[in-house]
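So that you can tell them apart, the chains are marked A, B, C and D in the order they are listed, and the count of residues begins at 1 in each.
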Amino acid sequence: MLILMQTDHTKKQLKDVLAKVKALKLKPHVIPGKLNVAVGITGNSGALDPHLFDAMPGVREAVRVSKSYKLAGRDFQHHDTIVPVGPFGIGGPGLIVIAGPCAVETEEQMLRIARRVKAAGAQMLRGGAFKPRTSPYAFQGLGKKGLQLLALAKKETGLPIVTEILDQRTLADVAEFADVLQVGARNMQNFALLKELGQLKKPVMLKRGLSATLDEWLMSAEYLLSEGNKNIFLCERGIRAFSDHARNTLDLNVVPAVKELSHLPIIVDPSHATGVRARVAPMARAAVAAGAHGVMIEVHDRPDQALCDGPQALHPDDFATLMIDLAAIAGALGRGMATPALKGRG
Amino acid sequence: MLILMQTDHTKKQLKDVLAKVKALKLKPHVIPGKLNVAVGITGNSGALDPHLFDAMPGVREAVRVSKSYKLAGRDFQHHDTIVPVGPFGIGGPGLIVIAGPCAVETEEQMLRIARRVKAAGAQMLRGGAFKPRTSPYAFQGLGKKGLQLLALAKKETGLPIVTEILDQRTLADVAEFADVLQVGARNMQNFALLKELGQLKKPVMLKRGLSATLDEWLMSAEYLLSEGNKNIFLCERGIRAFSDHARNTLDLNVVPAVKELSHLPIIVDPSHATGVRARVAPMARAAVAAGAHGVMIEVHDRPDQALCDGPQALHPDDFATLMIDLAAIAGALGRGMATPALKGRG
Amino acid sequence: MLILMQTDHTKKQLKDVLAKVKALKLKPHVIPGKLNVAVGITGNSGALDPHLFDAMPGVREAVRVSKSYKLAGRDFQHHDTIVPVGPFGIGGPGLIVIAGPCAVETEEQMLRIARRVKAAGAQMLRGGAFKPRTSPYAFQGLGKKGLQLLALAKKETGLPIVTEILDQRTLADVAEFADVLQVGARNMQNFALLKELGQLKKPVMLKRGLSATLDEWLMSAEYLLSEGNKNIFLCERGIRAFSDHARNTLDLNVVPAVKELSHLPIIVDPSHATGVRARVAPMARAAVAAGAHGVMIEVHDRPDQALCDGPQALHPDDFATLMIDLAAIAGALGRGMATPALKGRG
Amino acid sequence: MLILMQTDHTKKQLKDVLAKVKALKLKPHVIPGKLNVAVGITGNSGALDPHLFDAMPGVREAVRVSKSYKLAGRDFQHHDTIVPVGPFGIGGPGLIVIAGPCAVETEEQMLRIARRVKAAGAQMLRGGAFKPRTSPYAFQGLGKKGLQLLALAKKETGLPIVTEILDQRTLADVAEFADVLQVGARNMQNFALLKELGQLKKPVMLKRGLSATLDEWLMSAEYLLSEGNKNIFLCERGIRAFSDHARNTLDLNVVPAVKELSHLPIIVDPSHATGVRARVAPMARAAVAAGAHGVMIEVHDRPDQALCDGPQALHPDDFATLMIDLAAIAGALGRGMATPALKGRG
């Protein structure tokens, strides 16, 4: 349920509406807009009767929200969310590029690669300290030591850190070091983890599950939003289809769909989607042309020695070339790379 | 790597092999068989050289295991695993039927339904105390109170309890009350949870993820097995395909495939797969005819009032009819219902 | 649009309704039932107004049919269609088994296999004379010569012939020799071919396309029905999903769905679905347990020499064992094998 | 099998190779290149022994082609195929845009829209005279009359005509009027139709089937190529996946994959893939950024009155805006719009 207040409503009228929502044991969310104030209601399991509210003074209309998500939807918030990360905002016209290795391996490796991606223009640094691996026998990441190496790389380059969280037990550690906590595709519906992340205020990047519909994805964002964390952005990383010519099927169709239905920013990860170095650049270019707010690219200067996903990592030189192409496409469409001047609003 | 010992090897020879494995910083797993003893090796990230072992005294052959899973595979253990649950064994010729409501709602509801499914011949009772829900606004289960109601129902009927675990924080509570801990489809690759469950000795039912390949599913079982828990069985519950005539596409093809490649038992959940009451019985019958070791069926005597998934719940009368059909099909194929006489071997 | 006549309507009233339909340049289809007569209307591109008919004398109700198919739906015809093929009817309680090699190869091969499948109890013989092959370099079938060999096998065994049609140019030839014309998965939406087959009166077996929804499948049946051919039955043969443990994913869920929504018979082809001999029998048993009206099984006595799909062909001995299992399952569910006594009604 | 001739081979040596191929009852295909001549061999059902050829004078190497396709692969032809259509070549650096209505409706409609798309810069005109429709009751196209209207539009605008062929019986008619014959997704494996089209010399646009793997798609191209028609280009139009946020899932990943494995040009149809007007432009832009040789866009000036697929048609004004964006993206990547100066080589 969404209650749209009249343009000239009084503070008293709004207060009465909020009181009534609380009397129903439900939770009101005031959403101030340029012209209108709206009140979102959550906590009801079934549909609410609009007549409970639409005759109240100051109320223009009470609208049943047919989508199962509320806080994540455009009906709830018309304007785009911009998630502030360091000096940058994700979700505005400026393109964000997150780059770095799949996994943190050594201090030297992280620093070398961090310098290269910064030099090429990336605004944020990625690197996995805790790695979700299909096999229990595969490299599981350096753990807390990896977090410390990310901190070193941040200290030297100034790049904010994006790293994955996959265990409730290590949440506090990861949250201490990360600027953005990444929820991987396999944990998109790990609701216990989502609830804990929703209680943080740190930005969360929510990857789409391999077989998640758009509705399910936004419902997982809703878990984060309904716990109070508004700094959420989405990341498309390929879905599972029958195709065998790529590791996953990057679903760029979802980019305009997300932008239509939700106010949350959306970026694209072509590295995990394709799994093949030669296809990363074409798909990164396509993501920007389709309107994504950013891309996340795996970069490694010694991919043959990488402990994880070497075959999909771009060499820093190729990454620098890609950055130029992305800037050119963004420019052709009236956009540009995000700059520190563009501050997020929270 | 799998080391097959000669039939007449000595204890000393086996001990030497184990010592060499440990010297390589790897983990040996002795697998005693009727005729042969084998030693599985885990912990290696890449392939091992068979020549490291095949010239040692008492060793018949050292075999590279091409599958990514080891402990879950038939190469590692030829005979079928039988998981003991109360007086029953899951994985033998006797058919196991787990039945009960989607969610624990009230004491009366649980007791009424538990009595009915026991009367119809079910050997185990299901009921969700913690519910994974796509929406944060949907009923999330009674929590610990639900576990206590399950204990009551067990006390009265003697039926072992199958219930879902979805949060590392509540693992100890659930493990205290459950005879089988169910890992749901959405958590099939929640590796942090799997590792903790692997350290328990309690039986775990691992549901297949919506878009999991057979290999990925067995790799998740491998997470449990490699931590030391051998009481694992699998549950097919439908995959995500393009079809719109059922909620999910129950993939019965996987039943003979699992039985060929793995020694782990496999049961089928037609209730979640179809999502529609009228299709549960045909698919349950088909599962038994395809060779599943058991089925899990949702039953509710007042489905219109169910707090969760009412439309797919069978009425107890229809469940009783289904039990008769399942017994008849099992009989036609030379099998029967599992009886308490059939004890698992662990 | 479907017009339900009153139980006591007069011939004159029915005639008036038919005249009005024709005056609207639409096509009426009278469907006589035990208690009711209904008139289906086809030829309208958009929705018709029920008020055009429901005030006419003798009309009980005019119903908008929301499904896109009409003639294929249960709303149009409540009772099950039974397709007569030789002395058998497909669609009744008696189970139909169609068996034979993938492709007609030689006279000896056809006669040997035909004798074996007849001896085991199959009621119809399959064999491809024209083969649809993914590769232009693969064996394309014996063509017309293959049809003549099928005729020889029919003459000797009496088994009706099921064979594939895949070219409008050879339709007359195939129709001359076939008792059932098979439309393969790849041609399910070859509408030009469907229209020509609809104008024949011969039975058509319409296989489901690899990625066809149930609705699309029934719409293709509608192409056949709307041209006047009522002797149509469906065949599920596996869909394309992400799974890699079977060639295709046999979707048995569709069996109860078809039986609920349509009056057309449905059989199952586990051979093409699984592509692997060892999985054919479990899936055939499951198909019968799920309620299919029949199964189609590939059988070859020298599978290693087969020119097409040898790996999925059952040996005649294994086929005979399977027949016994299928009869046992059918018996357990109150059905039996179809016998010549059961004549179709056309 | 592919035979690579030495750079300095003699005519006689080549002739001997061709003679030997024919003596084996196989078909040789000479492929002249800038530096090398190669001879492709087709007609063999199994693998050929390279030793049959590699000791012959003038032969550098005989290579087994592991891919199931041969003529469609890069191994067979290194350089890009450029398909000549009117004064344009499809497959070169210049971007090709095919635009027009889904279906030919009236003379006025075709002329109005043809003028608009030409004015905006489209190089070719599309329009369906024969329409493949899921429902037999939907508008099936104007048929031969539609072809004549396309001819009128071509006469006035000079735009070459792209139109669909879906019936062997109307092939001669369509071939008379079309500059490019389009094979729709549903007919991608209608092998009878493909064989007849392969015997024409007219350009064929082969759309990808809804569930076709890349290998199957190229094998269908192989049907056309092996009959002698080399003027083939491919069109990606969305695959069937589980997603429900778009009609189909446009698989742009296939663009770089096709360009890597095949020499055939590939264009993209975002209109059918998305089914929604607002998503056509983002996906068209993405297709160009991903490296497609062209796009095909549905345009209608009165979409609400369109007889077919109105909701996905762009208004001519929006199409003109899109053309500017596409040119800008092409420019940013060092390409441009195809111009008449760029002639195909056939």
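Methods note: contacts are C-beta pairs under 8 Å (C-beta built on N, C-alpha and C of every residue); 3 or more make two chains touch, one makes a residue touch a chain.
All values reported here derive from a predicted model rather than from experimental measurement.
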Using the touch definition from the top, list the chains contacting both chain A and chain D.
B, C
Looking at chain B with chain C, do both copies bring the same residues to the contact (over half shared) or different ones?
same
So which of A-B, C-D or B-C matches A-D, with over half of the contact pairs the same residue numbers?
B-C
For the pair chain B and chain C, the C-alpha centroid-to-centroid distance in angstrom is 37
Based only on mean CA positions, could you tell me how far chain A sits from chain C in angstrom?
49
For chain D, jot down the residues that touch at least 2 other chains.
211, 240-242
Name, in rising order, each residue of chain D that touches chain C in their complex.
42-45, 68-69, 132-139, 166-169, 186-187, 189-192, 195, 209-211, 216, 219, 222-223, 226-227, 240
Residues of chain C touching chain B in their complex?
211, 213-215, 239, 241-246, 249-257, 260, 273-274, 278-279, 282-283, 285-291, 325, 328-329, 331-333
Quick one: which bits of chain B touch chain D in the complex? Just the residue numbers, please.
240-242
